[in-house]
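First subunit A sits with subunit B, and in the next complex the same chain sits with subunit C.
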Partner chain A sequence: MARLLVTPATGALPVTAGGMTLSLTDPGCITSLAPWRGAGMALSKALRAAHGVDFPDPGRISTSGTTRCLWAGRDQAFLVGPAPDSAALADHAALTDQSDAWAVMRLDGPGARDVLARLTPLDLRAQVFEPGHTARTLLGQMNAVLSRDAANGYEIMVFRSMTATALHELTEAMKSVTAQGGADPSPG
Partner chain B sequence: MRITCPLCGARDRREFHYMGDAVYLDRPDPVAPAVAWDDYLHLRDNPAGETRDLWFHEAGCGAWLVVTRNTVSHDVLSVALADGIRGGAG
Partner chain C sequence: MRIVGRGRVDRTITVPFTFDGRRFWGHEGDTLASALMANGVRMVGRSFKYHRPRGIFSAGSEEPSALVTIGHGTARTPNVRAPMQELYEGLSARSQNAWPSLSRDLLALNDLLAPFLGAGFYYKTFMWPRAFWERVYEPAIRRAAGPGALSGQADAARYDKAFAHCDVLVIGGGPSGLMAALVAGRAGSDVILAEEDRKFGGRLLAETEEVDGQPGPDWAAGVVAELTALPNVRLMPRTTVTGAYDQGTYAALERVGLHLAAPHPDAPLETFWRIVARRTVLAAGALERAIAFPDNDRPGIMQAGAVRAYLHRWGVAAGRNVTVFTNNDSGHRTARDLRAAGVDVAGVVDARPDAPDSADYPVFAAGHVVGTSGRHGLREIRVRHAGGQRQLATDCLAVSGGWNPSVHLACHMNARPVWHEGIAGFVAPDGAVPGMAAAGAARGLFSTAGCLADGAEAARAALADLGVTVTSVEVPRAEDGAYDIAPLWHVPGKGRAWLDYQNDVTVKDVEMAAHQNFASAEHMKRYTTQGMAPDQGKTSNVAALAVLAEATGRTIPQTGTTTYRPPYTPVSIAAMGAGGRGKGFAPERFTPSHAACVRRDAPMVEAGLWYRPSYFPLNGETSWRDSCDREVRMVRERVGICDVSTLGKIDVQGPDATAFLDLVYANTISTLRVGRVRYGIMLREDGHVMDDGTCARLGPHHYLVTTTTAAAGPVMRHMEFVHQCLAPRLDVRFIPVTEQWAQFAIAGPRSRDLLNALLDTSIDGQDFPFMACGAVGLMGVAGRLFRISFSGEHGYELAVPARFGAALFRQLLCLAEPFGGGPYGMEALNVLRIEKGFLTHAELDGRTTAFDLGLGRMVSPGKDCIGKAAARRPGLCGASREQLVGLKPVAPEGRLTPGAHLFAEGAQAVRVNDQGHVTSACHSPTLGHEIALAFLKDGRARHGRRMRSVDHLLGVETLCEVCDPVFFDPEGARARG
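Now for the complex of A and B:
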């Protein structure tokens, strides 16, 4: 399988500002799973047998070791990490290799939520968007997949062709939040 | 304005694309008279009050939604997946 590199657009990473770090991650394979009509339960069973994860509920992530299954839309999830066991899954879902379609970054550190709040309309408060939650939403004008995996840790997926724009938007927001005194002290 | 997507929860209006009246779900028979197709394609009410429209959650889950809202009070009264709704009657 050909692997296109996101490196040229992300050469500046990691970027740090005010205790926050924006870094590039290598998620491994990203495979879109779109169950055939009525095959959702069968797909979830096959996923559990083959990869140890379930087909996630909306907005959730099913995790087993380094394998993750992110809900990615109506009747769609992304298997992230291993190459998919096509023989086990293809009877139940359309599988599409999207490994090279996405740039995957992380934003960690106090104030990460405030940075994202400048770019996304998503409600990022902890009681709504907890660690372990994921959402398809907007980052600036870009479609993105945002996942929260720690109190101050977020994974950001954008279309690979938009990497430079995402990097610019996030870096500027990090500088701005830092310049204005850092993280919002309110809880969540 | 926020729309509560049945899958994603309450989301900002920016994530949604407006399509038009939910009458689009009520497609006439292919051999229906021209007047029925004319009505379907071109003739719309402009209610001051409740209206049912199709919205696409384009920056979210990708689902088509039927949103009932009030054009006077701007209340969003109900949101349902368009999938499975026949004839636009909800």
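Now for the complex of A and C:
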């Protein structure tokens, strides 16, 4: 039987500039979890039993192996990685598939923070936005989910339809930072 | 003229540049101003209004006179302040506001007319005839006046915007700022030190003072070295903080490439920063002010402090035979320093009767400069002093009227500065900007020792606020002189005494304003334009207020200042709009079928941020109408495919999902069965229709709400508002899934045949009737099928996860071909829906009610909904309302255009006779004539009547007949079949 082929969000990645790499990643399934009224604790417990992660605090990511749970808003988190154990979770939360809604990119390398500082108003200082932190923020004029998972490593999620614009904004900022001598070692 | 052994420019590096086409040479470290001065160029421009010869007045960003144009073509930048432009190889500068040349400027004629051109002249003179102001007077005045001009071409250079965050922001890198940054940096806080100059040090670079036993510049360099080594300190030279805003946010402009001969093509010329700081130390220093005396604007008359700066920093003597005019001790310092460098000093004119005497140069106590001469540069001054009158030959007059603390940023949140009698100047009020404290000269402390100690203390206090304790701070030793000033604002006498060099405003203009009762500072400013030039009156504001105070018999604090507003110095629009050019203007959203549509040469039309295909041209089709008509017939007769992924989709779940949707939809949702879809409308709280769409019940507690493309965001926001604010107890959760699903309309009599060639399990009219929905499998992918129709034909919408969208579109087109089907675009989609009287935001324009749209019965009487009560207000329904109707031309070839207005036959087509307007119109290939949807007063009662449709813009008038808005298949048999 013929099958429908998968088209990635963009074919233009990875791009590199000055020791930095912007790449497209496949994070697996992305499932929105929105606990029913008063079911937050029960959801967290079920989540831990089924996937080994807690329902995260605001702005945080809970991780277990390749499974991550990203805070995604008021009463909302994204389970990233495995297909959700619907039987275990559906009693406690609304589950919605978001796997195809987002283009997930990574920006790695020295200067990554300086690149993002051109596009997001978020305070990205090392002690403020630590590895394991996440935020819903702006990337240029776009909504984005920005997470930090390494000293110089960030995951950027934008709406799939806006991938081309996100790519354009990020590569332009990468070129600018590189042309200005690369990473600024100081804070801010 | 360079002085041997002075200055800190690198004389081993020669930098060639041109001014007005003439070739000159400067050195590494020069500014354009210092290099011009070193080359003996005195006149650098003509003034704004009177075209008076002007030279270099200052050594900083406050420069009012030496404005030049840098570069050519798209890289041309006008009104660059010469002291702020760093010299680079090949720099090309030109003078402004002079024609045919700087030395022979024809409009210098204006200066002879000066007695007639004073403040308020234009307002009083060019009153009549009224229409002449815009067409004749203003263009003529604009040509004669005004600084440099833009190139008229788009700026091709690159600019950046960026954000930065810190614990302590230090504004200004002079002695106060360096100490503040050092204290905060050593304590481990995140520090940003922003300095306007290329080098840190402030006045230390311009004087010969020692700090801690070292020359001032060396001490500053040592501090910079330590700060550079601290990982928690960011140094930002060439960065002017231009504005203070809410919650510790500051705007700053960094000059990244403006000092480079060949800036990197990927690097910006400037970066516009937004810096967010928990605490801020304002160490912006002070600006030296002038004294107004007759003809005080000739090239060669400049700030006494600037004369010292050019001597000590750049090794340039501002003249061969210098005089000084001062009302405070700092003027004497200029004379001493020049003498020490071997420059002749013809005398110091000190306005104070008790002026300190000197063995090295004559001092004229109680002295005033009462006149000057020299057409293109100063030659001679006339002095009246305690001992009488005399003339002094001089080519440079260094003037010090005292120092004004730079309080601007402290006043950007609407505070007024406070008068400080001891320094005869305004200082920043405490707490005027939350989190900010002024330090050093910006707070009125004018000794180096005082500034160092104050900077350290300001940092200590800021850190204490942040919970960081700094016990002992060692402040380096430095000069600690007293500041002795006797205020002198202007010297009376014949001749014009200039206050505002940049806008050509004189003492007489300010006095005139007072006499005409423009006595408040704000009125005086606007009447005279004093302080309204790009320099915002940095060197003239306080003096102008003093003159106004005198003219109105008030004190200076009684007179008050005008409002300080950002930006502190001009900010290029290109920097503020960085990244917004071309595709940077707005994000582009592409559908899953985008690439395939582009490959088929479909012209794209913007729908919000989305790009959608207008039509799909085929060989032999000469216009969009050919393609559109074919696509409409294809859907009506065979099958068409259209990407509708852009429509908003919101996944709604929860035990109370049904109750919630009953609240947000005007119609009832609770009676909808699982596996069925219902058309619905939502009202705003004010009772008008917000949006329409479908609601599919996927499960007992699971719905999919669709919205129009444009309203996807607003509907989501509305639902969030209703849930969070109006019905927080309802247990319901929703999330947009627009991006998750690629969705395609498959419309036409052959749509089911096509689907049955695709789906794992075939469907029929029994299991999938009109308005059914359900899960389907196709080629190994789980999809959703909705039997809904926006074309009026037997139709479906098929959704698959977005990653499969491009492949599904290809597959659908392959399958459509054998049926004689294919893709259709927005034009055909629009015609199909107008023929059916279906609505878009042309009709749901925010002013229409359900009643107007003929949907009044959809507002369910059996339940409450958002907007229901408001929709019942008087005036929102009834015969007085404009109601949705259809229009068709009486003559078959008659044209109908959107935007046309409707008038009764025989009535004049004027506003008072307006009966309604056309919202959508098209040629209907199905009916063979044009059709339109319109809103007409009492329209539903006027079916069959004739109206005139008049489009005043296009000049089209058509007699048409009012009819039902559903032109085609009014029973809906085709969609149900």
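Assume the second predicted complex is superposed on the first by the 177 of 188 C-alpha atoms of A that agree within 3 Å, B and C clash if a C-alpha of one lies under 4 Å from a C-alpha of the other, contacts with A are read in each partner's own complex, and residues count from 1 in each chain.
What we mean here is this: a contact is a pair of C-beta atoms (placed from the backbone, for glycine too) under 8 Å apart; a residue touches a chain by one contact, two chains touch by 3 or more.
Since the model is a prediction, treat every value here as computed from it, not as a measurement.
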Touch check for A:Q76: first (subunit B), second (subunit C), both, or neither? both
Output check: A:S32 vs subunit B and subunit C. Expected answer is one of first, second, both, neither. What do you get? second
Between subunit C and subunit B, which one touches more residues of subunit A when both complexes sit on the common chain A? C
Have a look at where A:P121 lands relative to subunit B and subunit C in the superposition and call it first, second, both or neither. both
With the two complexes superposed on chain A, say which partner A:R136 touches: subunit B (first), subunit C (second), both, or neither. first
For A:E169, is the partner it touches subunit B (first), subunit C (second), both, or none of the two (neither)? second
Who does A:S99 touch here: subunit B (first), subunit C (second), both, or neither? second
Thinking of the overlay built on chain A, is A:P58 touched by subunit B (first), by subunit C (second), by both, or by neither? first
Which subunit A residues come up in both lists, the one for subunit B and the one for subunit C? 76, 121-123, 128
Partner subunit C, residues of subunit A touching it in the complex: 1-9, 32, 34, 36-37, 75-76, 93-94, 96-102, 114, 117-118, 120-125, 128, 140-142, 159-166, 168-169, 172-173, 175-176, 178-180, 184-188
Any idea which subunit B residues touch subunit A in the complex? 7-12, 14-15, 58-63, 81
Over in the complex, which subunit A residues touch subunit B? Could you list them? 58-59, 73-74, 76, 121-123, 128, 135-138, 143
In their shared complex, at which residues does subunit C touch subunit A? 158, 160-166, 190, 192, 231-235, 256, 264-268, 274-276, 579, 583-584, 586-592, 609-610, 645, 651, 653-655, 729, 731, 733, 735-741, 778-781, 800-808, 811
